[in-house]
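Each of the next two complexes has chain A plus one more chain, namely chain B in the first and chain C in the second.
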Partner chain A sequence: MPEDCIYIARSSAIAARALAGEMMVMNSADSTFFTLNEVATAIFQAADGHTPLREIVRDRICEQFDVDSEQAQADAEQFVAELSSHGILLVSNQPLAPEAPR
Partner chain B sequence: MSLMSEVGQKAFNLGVPLAVHMDVTYRCNERCVHCYLDHDDHGEMTTAEIKDALDQLAEAGVFFLSFSGGEVFLRRDFFEIVEYARRLLFNVKIKTNAVMIHEKEARRIRELAVDTIQISVYSHRPEVHDAITKLPHSFERTIKAIRFLHEQGVRVTIANVLMTVNSSDHSGVQELAAELGVQYTLDPTITPMMDGDTSVLSLRIPGEELTEVFHNPALVGSQEEFCAPPKPPSEEDLEGYSCSAGHSFCYISPYGDVFPCVQFPLPTGNIRQQKFLDIWNLSPELKKVRSIQAKDLTVCSSCSHVSSCTRCPGLAYMEGSMRGPSTADCEKSFYRTGVPTANMLQQGLSKPRTLSGNPAPLIQIRPIAVPA
Partner chain C sequence: MAAPRKVACVEIGGIPIALSTCDEGFLDLLRQRYDGFLSSSRPEFELEFDLTSTGPVSDDDVRVRREGDEWLIERGDFHARWDPRTGRGSVRQNANPYSLDSVLRILHSLILAERGGFLLHAASAICDGRAYLFSGVSGAGKTTMTRLAPADITLLTDEISYLRPGADGYAAFGTPFAGELAKAGENCTAPVSALFFLEKGPENRVDELSSAEAVRRLMRNILFFAEDQGLVEKLLATACDFVGRVPIRRLTFYPDARVWEQIRNFQGVPEHA
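After this line comes the complex of A and B, so read on.
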């Protein structure tokens, strides 16, 4: 999948809340529980299904956290892969409709 | 420390209300003999009021939200409330007797990604369960609902409240939970009514029988660990606080009253009159609850059990002082370890005095007719 085309959306099965700048995320399907650091929280919050990951990294990460873009992109992809393997983020090369609990 | 306890500790230290228990109604379709609630509707919050409260709770940082009652499904808008809560990304747990859950409701619960459904089952014997709930066929309906939920992949926990009439049924209920493929949890504590009426306490299982419960590895895990004699309290223990009530947890009644815990009826404010965060941050009562360290406790600070005791400040409050001992927990500490508690020693007792002041084993006050 070419990197430019990665779209991410939050799953409808999750619960999430910020606690002192860090996001707590729990997947109700298997009760996996994560806390995300500030950078990961920024990606998670921007996961609207229609902004490409590369754009999220450029606008939300590189600018705000002053990090190198290649490194940030690689870290973001690893983070996205991990959260998607736990069913917390949905990943596609097509824009995704954000899932709301039905 | 697990990530979850780390987060819990962080919320506790920061004074963030991480978890809230909200009763949406006190009405119920069962009439359980041990129930502490007045089932009349004295003006429950409307759908709009509850949604507004949920907005405020999300803003305050609440993550874990338990809906309970009464029977939650007696509110026609209950699914609307759960859906709203899930849109606000709360982790939602529901406590119910499940008799109104059929296939359709079970599917809806799964679609809404509810974390866990806790369902009360009193016995594996239908006649005993129904005699406790006083609703004919409730056992059958509850078990059917558990099957529907399990089929949908919803996480279910059977909560088994033990009291005199069903004190020997825990292993049967455990087996039933295993057969249904769901979790089991035991609760040997019957609590007084919110208005302080302690008459239901006579349904509590007698202390002597608690010894059996606490020494049963199937119920408490490692008996050696669970029943170990208490370690002398450290400096750190004495500077510690009791539970999360009022620190990172609170209870909201169907009428909007905010309390430190469902078992701690100290009024702190009402969300119909004040913003939730104003109550949480400014209530003098909550500040008082938060200020109490183990060393400030009147009897418990000198008790050898203080570091391991489950002392409930809410029960202590109902006994007269939130800084005092809670007799129910003294009983548990004593029957768990065999070591006398400071409360007993102070009163010169060789075994804990029951709340009714009656040292004899507790007997049930409201007779339950269990068909033979």
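After this line comes the complex of A and C, so read on.
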């Protein structure tokens, strides 16, 4: 899948909560629990299904966290793949419609 | 003609549940097992038990899911339905007391999740009018802490702590659900003063935990089985609220009676309020 065409959306089967600057995410299907750091939280919050991942990294990560764009993109893809494998994020090469809550 | 049903009302955590059965032997088992938690209060909920042939407790995973308006609670040794709108349910299980405990624990976990409370895999005890919780993985020292408790400590449970929110924070209640100690807790309640995650070590030490670590450890030890998005969201919100209102620490302890002096002298405030 070409990098420019990665779209991400939050699954509707998760519960998320911010506490003391950190985002906690839980998958209601298997109770897996994740704590996201600031960068991961920024990606998670921007996962609206229609903004390409490369645009999220450019506008939300590189600008705010002063990191190298290639490294940031690689880290973001790794993070997205991991959360996707746990059902937290949905990934597609086309824009995603928001999931209806289950 | 069907035999008449006889009822024992069991009140745990201030929530009276009427348990009815046609089987005299099972009724005796109920009364013995929950002696100290029998109540004459008006039941909020009702469960009708019908017994199947005796069999072992199942090692299968429990499944708790919604089917229409009802909760369906299933494991190899029991099958239960409960309608939260009417408060009534039915259970088919063998006469094994461990199956009975499991059904009751699951039902309470569902009721508590809606009310901002939860069951925690933790020992708890009252010391000087305040409740202290001791959680951790198996072998971390929950039963050891209860065994080391001085005579003036009131044991609420050595296995499953029962927590509900109140106006001034959270309250812990005694439960009949026993662990290694094989002894039911006292049927009483006290405001929660602290939650300690236990680790055994060469000396007694209390360390702070980050809010995320506190929530992560809390969620890992909450007893919750339901495959339900709404309840999981509520539970996570409850866990975050608990972390904001109750001091949560890591307690490394050397297993002798001195650790209770550390507990008695603990003056913590929530780190994450």
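As a convention for this text, the second predicted complex is superposed on the first by the 100 of 102 C-alpha atoms of A that agree within 3 Å, B and C clash if a C-alpha of one lies under 4 Å from a C-alpha of the other, contacts with A are read in each partner's own complex, and residues count from 1 in each chain.
In the analysis below, contacts are C-beta pairs under 8 Å (C-beta built on N, C-alpha and C of every residue); 3 or more make two chains touch, one makes a residue touch a chain.
Please read all numbers here as calculations on a predicted model, not as lab measurements.
Once the two complexes are overlaid on the shared chain, A:A74 sits clear of chain B and of chain C alike.
In the superposition on chain A, contact is made by A:A29 with both chain B and chain C. Of the two partner chains, neither chain B nor chain C is touched by A:A97. When the two structures are aligned on the shared chain, A:C5 is found in touch with neither chain B nor chain C. In the superposition on chain A, the residues of chain A touched by chain B in one structure and by chain C in the other are 12-13, 15-17, 19-20, 24, 26, 28-29, 31, 33, 35, 101-102.
Listed in rising order, the residues of chain B touching chain A in the complex are 3-4, 7, 10-11, 14, 16, 18, 58, 61-63, 83, 86-87, 89-92, 111-115, 153, 155. Touching chain B in their complex are the following residues of chain A: 12-20, 24, 26, 28-29, 31, 33-35, 100-102.
Only residues 12-13, 15-17, 19-20, 22, 24, 26, 28-29, 31, 33, 35, 101-102 of chain A touch chain C when the two sit together in their complex. Residue ranges on chain C touching chain A, taken from their complex, read 210-213, 215-216, 219-220, 224, 227-229, 232-233, 235-237, 240, 243-244, 272.
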